[in-house]
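Pasting the structures in now, so scroll down.
Look at the two complexes coming up: subunit A is in both, with subunit B in one and subunit C in the other.
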Partner chain A sequence: MRRRDFLKVAGGAAAGVSAPIYLRTAWAQGPIKIGMPAALSGSNAQYGIQARRAAELFARDIKAKGILGRPVEFIYEDTGGDPATAVRKAQKLVEKDGVKFLTGVVLSSEALAVSAKCPEWKVVFMSTINGAGALTAKAFHRYFFRVNTSGPMGARAVSLYLAESPMKRFFALGSDYAWGRDSVGSFTTQITAAKKEVVGTDFPPVGTKDFASYIAKIRQSRADGVYLALPGQDATIYLKQAHQFGLNREVKPIMEILELENMKAVGDAMVGAIGSSRYPFTVDTPKNRDFVKRFHDLHGIYPDMFDGETYEGLEWLAQVIGKAGTDDVEKVIDAWEDSSYEGLEGPFFMRKCDHQAVQPGFAVECVKDPKYPHPIPRILATYPGEKVTPKCRTEEFS
Partner chain B sequence: MANLLEQLLNALALAGLLFLVSAGLSLVFGILRVVNFAHGVFYMLGAYLGFTTVALSGWFWPALVVVPPVVGVLGALLESSTLRFIYRRPPIYQLLLTFGLALILEESIRVLYGPTAKGVEPPPLLQGAIDLGGVLYPRYRLFLVVLGCTVGVAVWLFLSRTRAGLVIRAVAQNSEMADCLGADVARVRTLVFGAACALAGLGGVAAAPMTTAYLGMGINVIVDAFVVVVIGGLGSIGGSMAGSLIVGAAQTWGAFYLPETAMVIMYAVMGAILVFRPWGLFGEEE
Partner chain C sequence: MIPSRLSALAALVALAVVPWVLARHQLSLLTDLLIAGLFAMSLDLIMGYTGMVSFGHAAYFGLGAYASALVLLHFAQPVPVALLAGALLAGAVAVPVGWFSTRATGIYFAMLTLAFAQFLYTVAYKWRDLTGGSDGIAGVPKTPLFWGGPSLASSRAFYFLVAACVVLSLFVCRAVVRSPFGRALQAIRENERRFTSLGRDPRPFKLVVFVIAAVFAGLAGALFAPFRGFASPEVMFWVFSGQGLMMVIMGGIGTLVGPVLGAMLFILIQEVLSSYTEHWMIFTGVVFVLIVIFLPGGLVGTARRLGARG
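Showing the complex of A and B:
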């Protein structure tokens, strides 16, 4: 390609990219569009599908009155769980579809990539799934909001619970990548601070299908509990195999996140495991009972963690747009900061300093209940938002 | 001592599973000269169909008998409807085709079964653990050791002692010459491809109670199977056995004794083989 041709192409592309921003204002009175660049295929599809399920229910619930009297339109894009694809799809949503609000992004790696572009695009990124502490710390900016419980907040809830428990010796097993190693690191810090002992750590590679060697080591360590920071499928396989080795009776599984998805796949072998939950559907508030019923009527299943968290995010966003009286991005952001919302699981507050929603944290145990077709999370302890939310723009707790 | 026994059994159980997958991969390469990227998906299909059969019948054993032939027939159909027409083209076409088949099958399974992993319970006889002189060891893993050995010996006997095995070996050695001597090469290829898929399907059914049936299990296993086949030698059943034992041992013992380097060990062995004996331990130099 000659230089002149290159300039033509580049110039054309630049014009194409900037033009829709002007067009967007002209169409402002159409529907309020919410873009969901979610992983709907590939190994993390389960989480993207949760986000979509929540959006489908929300769309039905809000259909009659809309937001500001305008209809709400969801536009889904499949990212396959790949950060580069997520950015491309998000860009398409913003520039071609004229979306002002992005949500439903699944992986933290995707979220970090998409969020970094939002100040330039001038659109709101609402996280309802992403756990990485950095999003509201190092990588924070004005256009990012996190409605969900973050990874460090989940780990905090578990640590608070374990500090009070009779267990003394722990083994920590984390997947060999950033999240697994970070979680084991902060678990070790907090457990040591509670005057308890971490007697061994190991980092199996992501996608491990045989945990026999780790199970042998955990048994030898004579720990009371094993802390697991393994992504969904790896956790399922670990629990299944540990059960076959008869290990779960000797060493209690403790999970950073305890989700329905795992409970359905593992079944009874998971009963007794404890951990944190971003949203346990068994929370007993009138609002949640009603939500669970509506969700079950529509989808025929009980809501998992990100069904609940995403629904809360969407409802809060609608409330904030209503309060701002416009869908103008800057005004919505101003209205959201330091605002409160009554969520499914209790009160939420959006901190102005890092846009992390302060909300209750839960320690739960996996139990059997004849009323349900699979094991369910039973709430062991609820911690108020102040106790489980880190100091502003950090991943540390006071 | 008890610990050593446990480590040995762990390596053998994993090797048994790896053998069921890599044997088919190796056979297909030996006879069709195709590196079958879709092989892992047939393993995954076996696991999911196993789940369905157990869910419908309430028993595990029928799954072990019914699913492999079903997967095998599907494999044979796919071979005769797609792969058959492009053997004469450069290898890249076959790679792309099998890769495409893998994607189509995997996404079809996702659409049909949804994203949640499916747990399969082992049969009552093989549930729980038994005490082997101070070691609590899961019965199901012992079954995997036995299954791997049995299938290995059966395939070896079939290839070396039967007339059909003789024809297959002839096609593997020189397909044009075998064709001239009256062997129906196209049919042999279809049957071998189907049999290889059936073996992968058997592996999938056997793996389901240990790992659950989940999306991505095919890609997960195919990487290990490629390593097994490179170490053992493409096209050699004995090589697949030896390779499975080496990879099984490298993974389980590595994870136990040298956790930080567990993955490296397996690839280091493969690297050494590629440098000093590129045709594999049991393969034949070309």
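Showing the complex of A and C:
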């Protein structure tokens, strides 16, 4: 017997002797395992790290009582942001470690690939990050759940806000891949429906380092605002350059997602930018205030969007397993469908028809606040779940 | 030294019995390793036997994967049809690419193959209607072996399909390199000028072996798509071509079996280390450097040298 195994057995025995009778059977069943095949290295590592941070806090919070009295174990795997590796890692988690719940997958391409395998593996895929509309539309299946705000939902929140704003003319700039193009498409449809005008669109390649030509084009278009669907690093570079050219004063930056990561990297040059947020940590609810404090105590920073979304997902999952009274996958799915949960930023509802969580949507603005070491998102408008969630199994809004 | 026939037989027996020995996840990992092995082996044909270093071999793997994924998803044909489609498409595209690339040698050949591969990658990335763009094609089914035939859905069944393809490919490649054609390739590798002065034009030889290598890379890709259930532009990216080179060098250039083992080692290192640290690439690099310095000729080359000495 290896030392680690001995410790496990000894620990188990000790727990068995001291624990009350109902807990003894629970411990005997072993931990509830949650697998996280996340991008922890590569250019999207920041999102995988957010998911892991949230899981670390959740693990600490739930340590005392566990789920169904059973301990919770997280198993992290690095996918490097590559879908082939993500599927292999997910398969390892399912077949070797015996996890019944997968979450923390970062890229849409990874999510689509891993999710497609879940009906075969009979495990739950809980998205807390993935924006691709297709996941709850064309690619939907019974084993997939999306707790987070999807890409189309984010675009919807911004469009609703802009519809009421005095701005009339918009330029749309999206990275030249699925997410960027989908976001710009979705934005164009909705902004046109609101009787406003998209005066130009362009699609710089991912990893663009010099936005000068795009900035010139945007300036020439005489738009009031520029809608930006650029991933992390690209957004940072664009905002810095646009600031140097003085463009941000003339044309308001409107971000598909307005995240802390960007605000920290860009700093004051980003103040004034508006956009949607999946989860702004400044939401003023008692539950969120408490969460932000616990998160800050553990990690020494303020939670970004996917810290919050992932924490909510995990807490909801634990609640649903508790309600089902078992971690049996089919029963957990049944218990989750049409169930409610009080999230950090308001009420959540998991609709049965496409497993998209209905939840509040936010339009936020990047502002300076002396209480914080970096700019923060200030909430401009909050929209109820019904207004920002698409029609079932579609990416369209009524 | 153990006669090579005996070790080959032992390997075959091992491949046949492992599905009953290994746990489920180990079997799917092994399937993955074999597919990567087939890819590396196909690269060895041009790199090890003809001395042409290609930086764009992933393109043919990717073409195979996309062709197979589309055939399975849209036409629901049996898996072998998809394999054939993948191998043929890769081979067909390799004809014009090879025709241009083999006009150059050395670093220029490498750059041309890289350029064509990145071009094909961009097509896969941009042609969203067909390829799904950066999201790729997910949900590729494992159809049966033939209509009304045995299902390939179980991991054991699919493993046998992959193992059979790899073993058959290995035999075919061995036959190729041992044929007069293969000898000519090695003559080109050793001294292309002399080959020319003997009155032979090396280019047709290079083109043919380039296409053969692409066909086997396409086959590997065509197996990958139903096995993993998807195809995405990453499988065509130059990084994967580079990894292929590392696999071949680690296993042993010009040995065919070596690259298969090199691919296995490469993925195993990644698989094990990346569970512990996100800096696993550093360790892969260190192992690679150590092998290049201390085990010239790679795993198989070193083993053969030691065998010959002892």
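The rule we apply is simple: the second predicted complex is superposed on the first by the 370 of 398 C-alpha atoms of A that agree within 3 Å, B and C clash if a C-alpha of one lies under 4 Å from a C-alpha of the other, contacts with A are read in each partner's own complex, and residues count from 1 in each chain.
As a convention for this text, a residue touches a chain if its C-beta (ideal position, glycine included) is under 8 Å from a C-beta of that chain, and two chains touch if they have at least 3 such contacts.
Values in this document were obtained by computation on a predicted structure and should not be read as measured data.
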Ask   = Looking at the overlay, does A:P37 come into contact with subunit B only (first), subunit C only (second), both, or neither?
value = neither
Query = Does subunit B (first) or subunit C (second) touch A:A45, or do both, or does neither?
reply = both
Ask   = Thinking of the overlay built on chain A, is A:S109 touched by subunit B (first), by subunit C (second), by both, or by neither?
value = second
Task = State whether A:Q233 touches subunit B only (first), subunit C only (second), both chains, or neither.
result = first
Query = Where does A:K264 make contact in the superposed view: on subunit B (first), on subunit C (second), on both, or on neither?
reply = first
Message = In the overlaid three-chain picture, which partner chain does A:Q244 touch, first (subunit B) or second (subunit C), both, or neither?
response = first
Query = When the two structures are overlaid on chain A, which partner does A:K209 contact: first (subunit B), second (subunit C), both, or neither?
reply = first
Query = In the superposed arrangement, does A:G80 touch subunit B (first), subunit C (second), both or neither?
reply = second
Note = Overlap of the subunit B and subunit C interfaces on subunit A comprises residues 41, 45
Request  = Enumerate the contact residues on subunit C facing subunit A in the complex.
outcome  = 23-26, 28-29, 32, 125-126, 128, 132-136, 138-140, 153, 224, 228-230, 232, 234-235, 270-271, 274-275, 277-281
Query = Tell me, which parts of subunit A touch subunit B in their complex?
reply = 41-43, 45-46, 49, 202-205, 207, 209-210, 212-214, 216-217, 220, 233, 236-237, 240-241, 244-246, 261, 264-267, 269
Task = Write out the stretch or stretches of subunit A touching subunit C in their complex.
result = 40-41, 45, 77-78, 80, 82-85, 87-89, 91-92, 94-96, 108-109, 112-113, 115-117, 120, 132, 134, 139, 176-179, 181
Key: Of subunit B, residues touching subunit A in the complex   = 3, 6-7, 10, 13-14, 107, 110, 114-119, 121-122, 127-129, 136-138, 140-141, 207, 210-212, 214-217, 220-221, 251-256, 259-260, 262-263
